[in-house]
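See the structures that follow.
In the two complexes below, chain A is the common chain; its partner is chain B in one and chain C in the other.
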Partner chain A sequence: MTAPGAAPDVVFEDVSKFYGEVLGVNKVTLHIPAGITSLVGPNGSGKTTLMNLMTGLIHPDRGAIAVRGLSPRDPESLMRITGYATQFDSAPRWATGMDFVATGLALYGYNRAESRELAWKALEQVSLTDAADRKVAGYSKGMRQRVRLAQAIAHDPPVLVLDEPLNGLDPLVRAETIDLFRHYAAQGRHVILSSHVLQEVDVISDQVILIANGMIVAEGEIRNVRDEMVEHPSQFIIRCRDASRIASLLFNESHVTEIRMNDDRLGLLVMTRDREEFSRALTRVAVAGHVIDGVIPADENVDALYEYLIGGRS
Partner chain B sequence: MTKFRMRQAWTIARLEMHRAFLSKRAFWVYLLAILPAVIFIGHGIEMKVRESRYHGRGVTPAEVVDSFTKGENVEDVLKRAPKPVEDHEWSYRRPRDDEGDEGEGAKKPRVSERIEGRSLTYFDGQRRVNVNFENGVLIRQHSQNMKNFEEDRTVFAGVFQYFYLRLAIFFGCLGIFMNLFRGEMLDKTLHYWFLAPARREVLLLGKYLAGLVAATVIFTSGALLGFGAMLWPYSGAEMQAFWSGAGPAHMFWYAAAAALGCVGYGSVFLAAGLLLRNPIIPAAVLLVWESINGFLPDLLQKLSILHYLQSMCPVAAPIESDTPALLKLLLSPAAPTSRGFAVLGLLAVTMLVLWVASSAVRRIEINYGTE
Partner chain C sequence: MAVYKRGYERYDGPLTSHTTRLLAMPRFAWARLMDQKLVVILLALSMLWPLLCGGFIYLANHLSLLQGFGGKDLGKMVEINGKFFLIFMNTQAVFSVLLAALTGPGLIAPDLANNALPLYFSRPLTRLDYIGARMAVLVALLSMITWIPGSVLFVMQSSMAGRTWFAANWHLGGAIVGGFLLRIALLSMVALTCSAWVKWRIVAGALVLGFFFILAGVSQMINAILRVEFGSLFNPSRAMYIIWSAMLGVEAPSGPTAWECVSVLAGLVVVLAMILERKLRPVEVIS
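Right, the complex of A and B next:
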């Protein structure tokens, strides 16, 4: 549901897509608000299918899609507000980085000078101005990734769809790119990206959509999604000096299902079915005089969620 | 269509022309386009070289050449016309006329006589006259203009209709127009167009314009180059008469037929590139369809591009009398239609095909994995 005054959501209503006999996505209903949303799932789970559907590269067999109220079947309107960096690692052989980005802008109605100016700005944002006059065909994988990102952002769209945008980027550029996404999200734009690298999604996403075998397994903010998983124990890491004593105290609690001792005997991994009871138990332990250096939720990350929901790491 | 969309279509066309003109896949298109010109330039050079050689060897006045009569001796001919441009002698054996079945069942040994043959060729400045002798007696003579404009025009009509329209433009457009969408599918770059803020129909129009400009420039130039090469050896009064008479119209209609061939075949192959993966299938189907056009009912004949193109051609293509009957039927154009109707008919067929293509391009999806 879109909040009053906020940008309309990206909406999937009961969308199914089949490639012949093969399922792409099945009965997907989603409301994606502005901010950074990550589609997470293993290869072949349907992430790219969802992105291609919302940008009109493919059409649903059933259901309806709206991107901020616009139909993907209307590229003339949709692509003015949307930029899509696909995973297809191809570019016209003749194109330099500058040509590649500026050429697309010509179709927005910009003249040559305006197109080149906007292209230069976009290349600056992805730190690729040094290679602007080199042929894209000669770029490294990371540079090709960045030039596709530059093309997607060049017309300053409020909706960015990015398929595995951090693949092949070195750590410095990766950090810069994540900052760019955050900057866009802070402006109220949609940044919808896909990834199978769960750790990076965990760090950057406002919300996640977990997808497996073409179906949405969970969606929402990572913590909320985790809270919904009542049937799975929560995990906490406790850093403490008196690990074996604390372990014996906690083991008496009925909600604790498993405790593992760290090799250095200065920490515990505790699994509990009831986070609130666990919190109260920890307070009791502390009041009893045991020193607890820190408590960290070990599974409020996409990796853990994914393991729970899908039954394996991607 | 709004002005902005028209501008978008032209922008797409401009960007795509590079691919249409310079694609390595379509390099052979240029060879097809210039082949008639190469043939006629070769023919012209051969005529000019021979004429100059004959001039060097001597010109015999026309009245002398025309005075040769059957039964005359070679010595008498050479006395009156001592400078043949070519003189060949040979001998061979031939069964005698009196040989026959005289005895019953008895086989007689074959009797033959030795024949001394000689051929003298004279040149009177215009004509080449071959005079043949057997055993020194003139038995036959044959004269032929060194340059035969009417014949060359007919040959050009044949080359234009049987080769240029049916094959060169046909396969040239196949190479150029099929590549516009299918080539991008293979290169995995089509999605860049689909992610532009342009209607799919505008993209189709832009790509069609790009292919059309490329094909029309290549094949109209090729047709005009061939036409010029056919005329090149001729000069003087003959050319003056031609250019002040039917010449400009002939040139215009050959160019128009080539250009409209690109319009028609281009639309078909553009649509085929959207609907089918294998270009051989539409090419074969269309080639057969165009070939059997003459056998079809009137209404279906009008769904042929070649039918309209042939109706525009200014000179009927020759069909040799000894051409096999089936081939003659396949080569014969269906009853021609008027030029105005031919142009309108062809444009109507093109619009129909482009309408089909525009509905196909709206449905097309990016799925490179299956290409």
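Right, the complex of A and C next:
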């Protein structure tokens, strides 16, 4: 199979995958750049199918995939640049954390000494060195999640594919893990993850891919995606002292569809169909002498995008 | 647009060979098998018959020790030939089925039950590598009780009986090794397929035993009801016995020829390989 494009992106070109008569993903075309990319969608939407496709665990019925120029049909090359942590808790209970990660490295071709050294480093990165020599059977859910992450990062891959990597982590480890992802992204690596925690996705992602029923609903940087959604008025929170006066001024603007006053009367929630016009209107309000303490976009987040594009909660 | 520092460099030192990488899998599986008391006990029991046969060979070549027990007549009875090795192989074959039923299911079934296949297949490994690595465990284990002791007995007999015996029976060595390897290949495929078919180890073990015993029963029913002999083709153990007889130059029992048996067993292995290929999916396939 010819790999589409040799750019260092993860590329899906018109990819479809069916499990018999059940749709996995349909006509997916994506260019995922380096950085942190989150796959967001309800259960059964096709997130894991996308991850399995890009790691070559399954192959598309139609279309082509390239991971940094490599075809997923060539595991010998692809798996050297890819680290995959599935959602399954599949570490063998009889193995110690160190054995589990080091054995994985041995399968990559590292000799015993290097395997143990790299395994130790990986366990260090997920703060699991204290439990390295304990059997996985005795690990808590969070520890098993971390050892799963350790086996994915141990061979230092430029592409990390992580299915629900933050599930079960306590807040401290969660923050450390997010820092780790950011560190990887800053080095120009791909960190592609799926998550149900939308607030988290919002905080950590450089770009999001919203998927529903096996089809890509939206992709890109959250703000850009929001900009494209003209049918949903943008929402802004304005913090100001003269809320009722500013509200009456903004009501004269044709692009403003709704204004809600805060209970403390020190703020407004404004809905507008035209962000640029709204920006100009705010400038006019300020020039007219009204004090505006701050303007915050209220729906430039994955939560809102999810609500608008997919509907309901994840 | 984020600006990324492209500052990190990956390990680019030497890597071990493909074969060495694959050995990482059997290493742990082997260690775990040896931790099971039942496996060790069965292995030890499997060594008894080769030891007895070894003693037999020794006595057959030192008839003077049997003078007081009518040694000359006994000498005719304990002739070491193809038939002797056929009996040896047939007995070891029973142990090999038991050992395969005990150890085979633990090789793939737990990986399927734990959804661990993605862990393997997200390494530079193919499905064939995985099966090969799993099969290596069974091949090593079954070799310990089949062709290795068989070869030892053959070498022992050759060294004791001298050149004349060796010149007349050299083909027995190849037949022992080749015959047992065929048996191991069949057994490994049956055990791995059962292990991949059923996620529960005990059920998979029962399935391995059932495969041999039920097919033996079915073949006898076919022969009895239809008053034919080709039913033996459906009994893998019987078919293997016929092949071994031919390889060892022993008069084969009536029924299908060795080549017919080879064809049927080869077909069976192909079917098992297809089932294995279908069941060994790295991800759960919804249907």
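Keep this in mind: the second predicted complex is superposed on the first by the 307 of 314 C-alpha atoms of A that agree within 3 Å, B and C clash if a C-alpha of one lies under 4 Å from a C-alpha of the other, contacts with A are read in each partner's own complex, and residues count from 1 in each chain.
In this text, a contact is a pair of C-beta atoms (placed from the backbone, for glycine too) under 8 Å apart; a residue touches a chain by one contact, two chains touch by 3 or more.
The structure presented is a predicted model; accordingly, all values stated were derived computationally and were not measured.
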(message) Let's test your reading of the overlay: on chain A, do chain B and chain C clash or fit side by side?
(response) clash
(request) May I ask you to decide whether A:Pro42 touches chain B, chain C, both, or neither, giving the answer as first, second, both or neither? (result) neither
(request) Identify the partner contact of A:Arg80: answer first if only chain B is touched, second if only chain C is, both if each is, neither if none is. (result) both
(request) Could you say whether A:Ala186 touches chain B, chain C, both of them, or neither, answering first, second, both or neither? (result) second
(message) By the touch definition at the top of the document, which applies to A:Gly168: first (chain B), second (chain C), both, or neither?
(response) neither
(message) Tell me the contact category for A:Ser90 with respect to chain B and chain C: first, second, both or neither.
(response) both
(message) With both complexes superposed on chain A, which partner does A:Asp206 reach: first (chain B), second (chain C), both or neither?
(response) second
(request) Once the structures are superposed on A, label A:His59 by its partner contacts, choosing first (chain B), second (chain C), both or neither. (result) first
(message) Once the two complexes are aligned on chain A, which partner has more residues of chain A within touching range, chain B or chain C?
(response) C
(request) With the two complexes superposed on chain A, say which partner A:Ala106 touches: chain B (first), chain C (second), both, or neither. (result) both
(request) Tell me which partner A:Tyr19 touches in the superposition: chain B (first), chain C (second), both or neither. (result) both
(message) Counting contacts the way the document defines them, which residues of chain A are shared by the two interfaces, the one with chain B and the one with chain C?
(response) 19, 52, 55-58, 75-77, 79-80, 84, 86, 88, 90-92, 94, 103-104, 106-109, 151
(message) Residue numbers of chain C touching chain A in their complex, please.
(response) 2, 4-8, 10-11, 13, 15-18, 20-21, 24-25, 28, 32, 110-111, 114-116, 118-126, 282-283, 285-287
(message) Taking the touch rule as given, give the residues of chain B at its contact with chain A in the complex, in rising order.
(response) 4, 7-8, 11-12, 15, 18, 187-189, 191-192, 194-200, 202, 362-363, 365-368, 370
(request) Enumerate the contact residues on chain A facing chain B in the complex. (result) 19, 52, 55-59, 73, 75-80, 84, 86, 88, 90-94, 103-104, 106-109, 151
(message) Under the definition above, what is the set of chain A residues touching chain C in their complex?
(response) 19-20, 22, 34-35, 48, 52, 55-58, 75-77, 79-80, 82-84, 86, 88-92, 94-95, 99, 103-104, 106-111, 114, 118, 151, 155-158, 185-189, 206
